[in-house]
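Please find one structure pasted underneath; my questions will follow.
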Amino acid sequence: MTTTVSASPTAETSIGASTAARRALAPRGGRRRRILLRLLALVVLYGLWEVAARTTGNPTFIPSPGAVWHQLVQTSTTHDGVRGYSGHLLIEHLGVSLRRILIGSMIGIAGGVLLGVVMGTVSGFRVVIEPVVTFVRALPPLAYFSLFIIWFGIDETPKLWLLSIAALPPVAVATAAAVHSAPTGLVEAARALGAGRVHVIRDVVLPHALPEIFTGIRIAVGVAYSSVVAAETINGVPGIGGMVRDAQRYSQTDVVILGLFAIGLSGLIIDALLRTAENRLIPWRGQI
Amino acid sequence: GDGAASGGDPGRKTIRIAYQAFPSGDLIVKNQRLLEDALPDYQITWTKFDSGASINTAFVAGSVDIAAIGSSPVARGLSAPLNIPYQVAFVLDVAGDNEALVARNGAGVTDITGLRGKKVGTPFASTAHYSLLAALDRAGVKESELTIVDLEPQDILAAWTRGDLDAAYSWLPSLDELRKTGTVLITSRELATAGKPTLDLGVVATDFVEAHPAAVDAWRKAQSQALNLIHDDPAAAAKSVGAELNLSPEEAQRQLSQGVFLKSEDLASPEWLGTSAAKGKLADNLVSAAQFLKDQQKIDAVPDLATVQAAIYTVGLPDALG
Amino acid sequence: MPSAESGDTAAITVTDVEHRYGEVVALGPIDLTVPPGEFLVLVGASGCGKSTLLRLIAGFEQPTTGTVLTGGVPPIPGRSAGLVFQQPRLFPWKTVGGNIELALRYAGQPTDGVDALLNRVGLHDVAKRRTWQISGGQQQRVAIARALAADRPLLLLDEPFAALDALTRERLQEDLRSVSTAPGRTSIFVTHSVDEAVFLGSRVVVLSPRPGRIVLDLPIHLPRTGITPDDLRGLPDYAALRAEIGHAVRSEGASA
Amino acid sequence: MTTTVSASPTAETSIGASTAARRALAPRGGRRRRILLRLLALVVLYGLWEVAARTTGNPTFIPSPGAVWHQLVQTSTTHDGVRGYSGHLLIEHLGVSLRRILIGSMIGIAGGVLLGVVMGTVSGFRVVIEPVVTFVRALPPLAYFSLFIIWFGIDETPKLWLLSIAALPPVAVATAAAVHSAPTGLVEAARALGAGRVHVIRDVVLPHALPEIFTGIRIAVGVAYSSVVAAETINGVPGIGGMVRDAQRYSQTDVVILGLFAIGLSGLIIDALLRTAENRLIPWRGQI
Amino acid sequence: MPSAESGDTAAITVTDVEHRYGEVVALGPIDLTVPPGEFLVLVGASGCGKSTLLRLIAGFEQPTTGTVLTGGVPPIPGRSAGLVFQQPRLFPWKTVGGNIELALRYAGQPTDGVDALLNRVGLHDVAKRRTWQISGGQQQRVAIARALAADRPLLLLDEPFAALDALTRERLQEDLRSVSTAPGRTSIFVTHSVDEAVFLGSRVVVLSPRPGRIVLDLPIHLPRTGITPDDLRGLPDYAALRAEIGHAVRSEGASA
């Protein structure tokens, strides 16, 4: 936790013993160690899984890694004239869902930031909107999804709506909270320099809120991800959520696990991208 | 959670029953506490489930002893990879006019062949789904020639009203609404006559059967009592069913009247469960349902007839239904 | 105060002002009129209310009682006056140059003046640095440069040179003096250095410890042009003024 | 945004024009205005609803306010020998679900804070745990719920697990992010005073992270709330989610709406409590 | 440096140290040995590396080249030395009293010493205030009090009195002088005031502008006891030392 120029944003932080020298070393030694640790963890997890699968011996309980692998091959190829799962390859299911998640998240994030900023800055607006947002974000999507069908039909629109509404609240709440705690000292500094209301929001409030907004975004994307099955309960094939749901109803646990892996891994990648963007955009982290 | 299976423990005097919210004698047994009265020293818990799939899951988890479940999930449960150790011990009802394929007025569909290129909604993995595919098969329409959309009944209604669907295979109560603005193409009753019946069954975990045969007898007796009530005093039956389903007695009676409820003496006939000496045609029916699932790539292998017959509980039939 | 009407631009009129933070009486009551063109230096014990007075004049606080007017109207933050806060208050999400650029933009100035402004406060090669990558004194100078970006008739400086060494301080003092002798410029400058007060001020006001009241209000009549700083410091008047102000500051009992 | 002693924590913030004087007035005038604005909004919403219900004229799609009110009475009383809905009064359904949400949230929050702090401070741990958390939080509860049933049965345990796992990630992500950006200057200050690693975490890192942790908690409780229907798909009665699902199946839209109101309103109350706690615990908001 | 072995506690040995932040050479190369008991005052232009040197000695930075030892071993933050940073760095989640209490607790001292410590830096009635509810000078004094909570043999102070008025400053100077004359106490004190340097120091080190190197290392042999501050300031030696140091600071060209 020292004030260094070169501290790599991904360098490891360890409170209590970090110095410029340690930091400088971290990126290299750290990366290798990191990869090793992760590989080790993967191997251990794999071992545990294999053992668990063998001891229970019930593929509905815990399908073996081999069975899941087999399903990966099956769902990624055309075999016996059948294309993948339910007529679509795994990658197609995933692609369709990713598209939905990305569009939904994007709408939700844009809406969330907007709502959050307005809620944090326009008090008259907040008084009315904040309870509405709190109310809505408590509602279970499964409960109101039928209404969406009435309003938006059974195609893409209701799914995108559901995902947007799932992604919006974390961003809105995080943004509003961060905007609400904008640092008095810097707001005053900007105003002393002649900044107007909009300038203050753009140049102080938003940059200050950026780390929290990013946290909100990362949570939001996670929530959108975990809502994909709910969104695809209706007319969800092709779609990874629809696939999982279908497999679940037929107790094809191996396909369910495969779907979970596809979801989880792509989620990991997206989160890594978000974190990279975050580190780029917020060099002042820890300096305020 | 007492997920740990201990249904095989004869000393444990509890019965965990899974029921579903469709009109049947099962709800009468629950509502009139027939089983509780018959087995006063058993502690009986009733748990509502909303699909056969989740009941199968609960059986795998060892969380239930007895369940009301559709024939399609039972076929799945008896097949690999699930191979759930349970026994079919009762036929609760046979789908009749309460499940049907309806075409929306204005969609220009008058018969099943007219569904080509259209959009049809049904809840996947349900008996209705099975019936829809059976109906298409009978009419020589390939599944790939139309779009089948996975929708829960209440969502079918919503999409239907918007005009997003051309037809739907669904059940009561949403079926009532569909019929108001549509024409029935085929009902499950007709399919049943044509050899593709869909049924609601009562199944009992095998280890429970072995540990508590007397309790299973009492349960079968209570179920036939309920069946008899449906035939003999429809109003009283409807009152109980209505109370369980949050429906008015009249509405419940109307729904009951559209289902097919066997007479208790028919259960042991060769058409259904049969007897220990000669298992009934129910086994063939389940095998063909499994074959259908295999064709759909939803199960790995079709169990042979003998295996399925072994999973039909006929001990003491026909007398046990007293 | 009737004299308020006399100056119509950038004059400051503080009438019977007291300021409290909740229970704490921080300042006053105070009466103060600053005509345009004055370079007023404010001296007083730590905690006596100097910063509070500057914040009142800049419009960041409303007086609990009394009125504050600048140019005849109640002050509006960022309009009435330029203000250098006691802390640098740099924006960490901007580079050093970015901080100055922002100030130039708010002031409606061309943004290519960044380097010139940095040079003016004795900084080179730091425009691309992050705000936490420069020393404390350098941060303070960036804050000064930021405030100089806008060419305002009224400039309020809250101990701007506290973290600077003698040499840098003297250079900036001279710069400030030359800026503030432009016609119509009014400045209020807070310092703890009596020497600085005499050197810079056309008038020195000494506040008593908390709550600050005016205990000395002394015009400084020293030659401002045609004399080197060293010669200025050598004048006998200079030493006398220093002594008088130093005495006023010291005699005012315990600091709060 | 001025530095005042008496600024009420609930006073409205409006960047660009707030001064001590305005602030001092805000609590009074603000409260009245707030209540008025909210009442107005309620009346407008009610009007819109009534109009929408009348024009569509289909109670399955949009039940009238009166119908929902009627259901409130019905489900809160014993009538015709039937107790409430499915044998339980509305308040009982809600109570059971609230208990689940609270226990689940509590477990999730405790776990999330713990994980977040450890992830933010122990680099070796983070390398392995962070991807796991990111992976898990992308997974849709509906997809793995059947596994929970298999592992934990059909009673309370799987529901509490689902709600805990839903509530954990927002808290963990927010905590880890906040811990990660602990202010270098204050960490150093504590260490210069002789603080050990644990002291630094307790006295600097955690207090600094508190606002973000609270944001995470508020998001987490919202997510737990909106997962209650998913958690109560199996053996969910009594329970407000189970009730809604049941009603949904029978197209009793008025009961669904009633359930949504019960969920949303109780969510509003819990969020208000959380915000009050937040304002009490974080007097330094905006001062850093 | 061989003299490093002579003092076995709290002595500082800086051997051939250079420090860079990335590309920026901030300090050195520097050699400096401070025997126990010394009160070393560090003077130099803004940005010359004074804070950097203190951070090196406190163990918050590792020298890019060379070694830093305190008491014969590499410094460990919070163990080797007490440090007053250039900024107050108070914990906003604690009250003023809470900040001091925390420091006392870390130092293993009874926590009822809060008021005594606050009194020592001239603060009354502020223990219950929030850290942003006191003035800049008051914040700086709280930071000093916090560092005084632990009775460490080595004390590093980075411009601790920059925001204080003359009177308060003099009182604290005297306090610091009396504390630091206790046997075995070593202090390094950064200031921009030459007067303060001569008054406090037993030795004054002047650094050149960036990168800072030692340009003057001057022992101050003035009587420390049995003399009033005013008399001390009146000594002819005093003025001569002031002049010499002032000259060294000024002659070192432009500040960085």
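Letters A, B, C, D and E name the chains as they come in the text, with residue numbers starting at 1 for each one.
Rule of thumb we're sticking to: a residue touches a chain if its C-beta (ideal position, glycine included) is under 8 Å from a C-beta of that chain, and two chains touch if they have at least 3 such contacts.
On a predicted model such as this, the values are computed, not experimentally measured, just so you know.
Farthest chain from chain C, judged by C-alpha centroids: B.
By number of C-beta pairs in contact, the leading pair of chains is A-D.
One simple way to say how far apart two chains are is to compare their mean CA positions; for chain A and chain C this gives 50 Å. Centroids of chain B and chain D (each the mean of its C-alpha atoms) stand 39 Å apart. Taking the mean of the C-alpha atoms as each chain's centre, chain B and chain C sit 86 Å apart. The set of chain B residues that touch two or more partner chains comprises 53, 57, 60, 152, 154, 158, 161.
Contact with two or more other chains is made by residues 2-3, 5, 60-61, 146-147, 150, 184-185, 188, 191, 233, 245, 248, 251, 287-288 of chain A.
Annotation for chain E: residues touching 2 or more other chains are 21, 24, 60, 87, 132-133. Taken together, the chain A residues at the contact with chain B in this complex read 58-61, 82, 145-147, 149-150, 153-155, 233-237, 242, 245-246, 248-252. Interface residues of chain D facing chain E in the complex, by the touch rule stated above, are 3, 5, 185-186, 188-195, 199, 203-204, 207-208, 210, 282-284, 287-288. The touching residues of chain B, counted against chain D in their complex, run 1-4, 21, 47-50, 53-54, 57-58, 60-64, 152-154, 157-158, 161, 173-174, 177, 243, 245-247. Across the complex, chain A meets chain D through its residues 1-3, 12-17, 30, 33-34, 37-38, 41, 60-61, 120-124, 126-128, 131-132, 134-144, 146-147, 150, 166, 169-170, 173-174, 177-178, 180-185, 187-188, 191, 196-197, 200-201, 205, 211-212, 214-216, 218-219, 222-223, 225-230, 233, 241, 244-245, 248, 251, 253, 256, 259-260, 263-268, 271, 285-288.
On the chain B side of its complex with chain A, the touching residues are 51, 53, 56-57, 60, 76-77, 81-82, 121, 124-125, 149-152, 154-155, 158-159, 161-162, 164-165, 293, 297-299.
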